[in-house]
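Report on the structure given below.
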Amino acid sequence: MSALLLSVQDLHLSFGGVRVLQGVSFDVRRPEIRGLIGPNGAGKTTLLNAICGIYRPQQGSIRLDGTSVIGRKPSDIAQMGLGRTFQSSQLFKGMTVLENLMTGLHRQTTTGFLSAGFCLRRGRDEEARTEEEARRALHFVGMSEFADRPATALSFGQQRVVEIARTLIGDPKIVLLDEPAVGLSINRLAELDALLRRIRDQKGVTLILIEHVIRLVMDVCDRVTVLDSGRVIADGAPVAVRNDQAVIEAYLGKELRARHSAS
Amino acid sequence: MLLFSYLLMSGITTGALYALVALGIVVVNKATGVINFAQGEFFMFTGFVGWMLHVQFGMNYPLSFLLAVTVGFLLGTLTDRIAFRPIAKTDIVSLVLATVGIGFILKGLARVIWGGKADYLSFPPITSPEPIMVGSLMVIPQQLAVLAGTIIIMLIFAAFFRLTRAGKMMQATADNSRAALLVGIRTDRIYTLAFGTGAAIAAAAAVLTAPLTLLYPDIGFAFFLKGFAAAVLGGLTSLPGAVLGGLIVGIAESLAGGYIHSSVMELSPFLVIMIVLVLRPTGLLSFRKARRV
Amino acid sequence: MPFGRRNVFLALLAIGAIIPAFANGYQLFVGNLVTIYILLAIGLNILVGYAGQLAFANAAMFGIGAYATGLLQVHLGWPFWIAFPSGGLVAAAVGTLLALPALRMSGLYLALSTLAFAQATQWVFLHWERVTFGAGGFKTPQLSFAPLPISKPIGLYYVSLGLVVLLYVFARHVVTSRTGRAFVAVRDGEIAAESLGIDLLRYKALAFGISGFYAGIAGGLYSALLNFVAPEGYDLFQMIIHKATIVVGGMGSIAGSVIGAAIIILVLELLREVKGLQEIAFGALLVGFVLFMRGGLITVLRRYLRGWEEPLRIKGGESTETPPRAAPQPSVVDK
C-alpha cells in the first residue's frame, strides 16, 4: 500500500466548447487532509465530479491506489473506496438519520430482495449488524440522539455532518467533501475541524475538501491546492499557498485590475 | 399515384391536426417547463362544446369557434389555478397526477353531459363536402381550413414569442423562473396565460377538425399521445418543430396505414415517442443542450 | 397499541376469512376484487411510492398477466395452477424491460413513455387476433377445485386472500430491508445513491420487475374471477384506478396500499352504473388528494393512532420514541 493514494495527471475536461479543466495534476497521500480552493468557477466541483466518475475527462489520468478510474461508473468507483458529499444536502429525505446511515453500508452488504422478502435468518443477521455499525458511525460524529429523526428535521449543518458519517460508514480510503462548512456557525466550525482531524487520525481516511471558508482550510489542511480557471496555480502547505502571489492575484487580482483600469 | 396523393393529403391534414395539439403542448411547456396531461381532454371537451353550440343550439360556425376557444382558455386557466399553481415545480409526481385527474373529470363530464357509453357525435361539414382538385391532389375544403388554421396559429405564436414582450417574458420564465421573478416578471400571470393559451389552441384544433371526424369522449387521450409524439419529435420547445413533428407523424401514419395495414396507424405514437426519447431526446429541431431528462 | 396496524389488519383478515359464510355471490365477487386490487396497489406503490419511478404501465402489466394466464391455458392447454404463476413471471419480465428507458428518463418523460407503452400493449391485445382473439376477448377454462368440495368462487376467494397475505408480508419484508432502502435512495437522490454503490439499473429493474409480478399475479386471478379476458379491462382508466389507490392510501406505504385499494373498490362499485360518474369521481379523488392530502389516508392514521409507522428497517420490539414520520415531503430546493 503505497503512500500515494490518488494521482491526477494532466486532466483536461471540456463541455461543448468550454474548457473547464486544463491540464490539472496533483497527488494526494494517505492519510492527509487536502484543501481544494479557488475562485468561483475555477473548476473545483468539476474536478471532484471527474474523480468520482460523474464526468469523463477527454484527456489525462486519474488513479486511485494505482488503478485508473476513468470510464468507470460512479458506483464502481465508490466500490474502489471513494466517498463523496455534495454541496446541497443529499440525505435521503424519506428516511430517518439512522436509515440513511444504514444505506451507506449498501456496498458492504449482500442481502437480496428474496432473502429479505422470505425473512431468511442470514438477512436478519446482516440487518442487525448494519444497524449496529450505523449507530457506531453516528456516535463517531457525535449525533447519536438524532438516530430516529427524519432527515428533514435536521438543520442544514447537521445534515452535512450526517452525510459525512454516511460516507465514512462504507470504510472508504478517501472522501471528497464539497463545501462541508457552508453555513456553519463558529462553534459548529470548531466541531467540524475536530471531526475532520478525528477522521484522518483515528480512521486513516484521506480527505479532499473544497472550501471557501479559508480559516478552516488554513487550520485543518495538511496541504492546499489552488485552482483558477481550470488550472492548478499553487500547491503546497497552507501558509505557503496563502502568501503565494499567483493565488492572491487569482482571488483579488481581477478586482484590483478592474479598479486600476477604471481609474 | 392517386392512392399516394390521397394518402399524402390525408396525412398532411391529420398531421396539421397533430401539429395543433402539439403546439398547445409546446406553448405550455415553453413557458412552464411541464406537460399538461389534460391537453387531450381539453381538445375533446371543447370539441363537444363547439358541437353543442353549432349543432344543438344552431349558432353559426365562426361564433361557435370563438366561444369554444374562449371556453378552452378558461379551462386552461382553471387548470393552472387548481393543479399547477399549488404544486408548481416542487413535485412532478403530484403535478402529473393532478393534470391526469383533471383530464378524467373532463372526460367523465363529457360522457355524462353529452353522451352515453359509446356515443359518437358527428359534426356536419362546414364547407362543402365536395372534394376539389388542387393540382393533381384531391382535397376536401375543410382539410384546407385545418391546414390554414394550423399555419396561421403557428405564425401568430412565433411572432408572439419572438416579437412581443409577453412572449419574451414567457420564454424567460421557462428558462429560469427565479431570475424572471427577480427581474420583475409576474411569473404566475405568465403561467396562467400559458395554460390558457395552450388550451385555447387545443380548442381551436378541435373545432377546426370536428367536421372531419367523429367526436367521442375517449378521443382525447389518443390525440394527446400523438400530439406529444409530434411535439417531442420537434423538440418540445420549438414551435416550428411541433408543426414539423405533427406533419411527419401524420404523413407517416397515413402512408403506413395505406400501404401496410390500417391497424399500424395507432401504433405510431408509441414508436415515435420511444425512438425519439431514447435516441435523440432533444428532438429534430431543438438546439438546446441535451440535459439528462 | 390497540389500533395499530398489526391488530387492525389481523382483525380485517379474520373478517375476510369468514366472509364467504354469509356473503352472496356479488359480495364475494367484490371481496375477491378487493384482494386483487390490494395486490395491484402494493406492486404499484413499490414502484412509484418507494422507488419513485413515475410509471404508467401497471394496467398493462395487469393485462399481460391476465392474457398470459388465459392464453397459456387456451392455446397450450396448461393447467391453471401452472399458467397462473407463469403469467406473473411473464409480466415481471416485461416490466423489467421498462427499466431500460427508465434509466434514460425520469418524471414526465418516463410517464409518457410508459403511457405510450401501455397504449402499444392495448394495440397488441386488440390486433394480434390470431393469438389474443382481438377486441372480443376470450373465455378461459372454468377453474375447478376438484377433488376438494369447494365451489370456484369460494375457492378462488381463499386463494386470493392467501396470496394477499403472503405477498403483503413479502412486500413489508422487502421494504424494511437493504433493498427497500435502496429503492428510497434511488427515489430521493440518484446521484448520492450511486456514490454509495447502488446500481441504478439493477434497482430500477427490480422495482419494475416486482411491481410487474404483483400486477401479473393480480391479472391471473382476475382472469379466473371473470373467466374472461378482453382488452378494455386493462386500459388507461384502469391505470387511473391503480394510481388512485396509492394516492388515496398513501404513497410509500404498504399498509396504505391496502387501505387505498379497499376504498377505491368501494367507490368503484358504488358508481358502477354510470361510467362517466366513475371517471369524474376518480379524477376528483386524484386531484383532491394530491392537493389536500398528498400523503394519503395513512398520514391521517399516523397522526391519530400509534402503531402505523413504517420504518425502512426492522425495528425490534415496540416502537417507542419515534414521532409519527411524515410522508416524504416534496423537495423545496430546486434540483
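Just so it is clear, A, B and C label the chains in written order, and each chain counts residues from 1 on its own.
Basically, contacts are C-beta pairs under 8 Å (C-beta built on N, C-alpha and C of every residue); 3 or more make two chains touch, one makes a residue touch a chain.
Being a predicted model, the structure only gives us computed values, none of them experimental.
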(message) Going by average Cα coordinates, which chain is farthest removed from chain B?
(response) A
(message) If I average the C-alpha coordinates per chain and also across every protein chain shown, which chain's average lies closest to the global one?
(response) C
(request) Could you please state the distance in Å, as a whole number, between where the Cα atoms of chain A are centred and where those of chain B are centred? (result) 47
(message) I'd like to verify one number: the distance from the centre of chain A to the centre of chain C, where each centre is the average of its C-alpha atoms, in whole angstrom.
(response) 40
(message) Between chain B and chain C, what distance separates the C-alpha centroids? Give it in angstrom.
(response) 32
(request) Going through chain C residue by residue, note those that touch at least 2 other chains and give them in order. (result) 331
(message) List the residues on chain C that touch chain B in their complex, please.
(response) 48, 52, 54, 101, 104-109, 111-113, 115-117, 119-120, 123, 126-127, 236-237, 240, 243, 247, 251, 274-287, 290-291, 294, 330-332, 334
(message) Give the list of chain C residues in touch with chain A in this complex.
(response) 170-171, 173-174, 176-182, 184-185, 187-189, 191-200, 206, 210, 252, 311-314, 321-322, 325-326, 328-329, 331, 333
(request) Using the touch definition up top, name the residues of chain A that touch chain C in the complex. (result) 52, 54, 73-75, 78-79, 83-84, 86, 88, 90-96, 98-99, 102-104, 106-107, 109, 111-113, 116-119, 123-124, 126-128, 130-131, 148, 150, 152, 166-167, 170
(message) So in the complex, the part of chain B that touches chain C is made up of which residues?
(response) 34-35, 37, 82-83, 86-87, 89-94, 96-98, 100-112, 117, 178, 217, 221, 225, 228-229, 232, 263, 266-267, 269-271, 273-274, 277-278, 281, 293
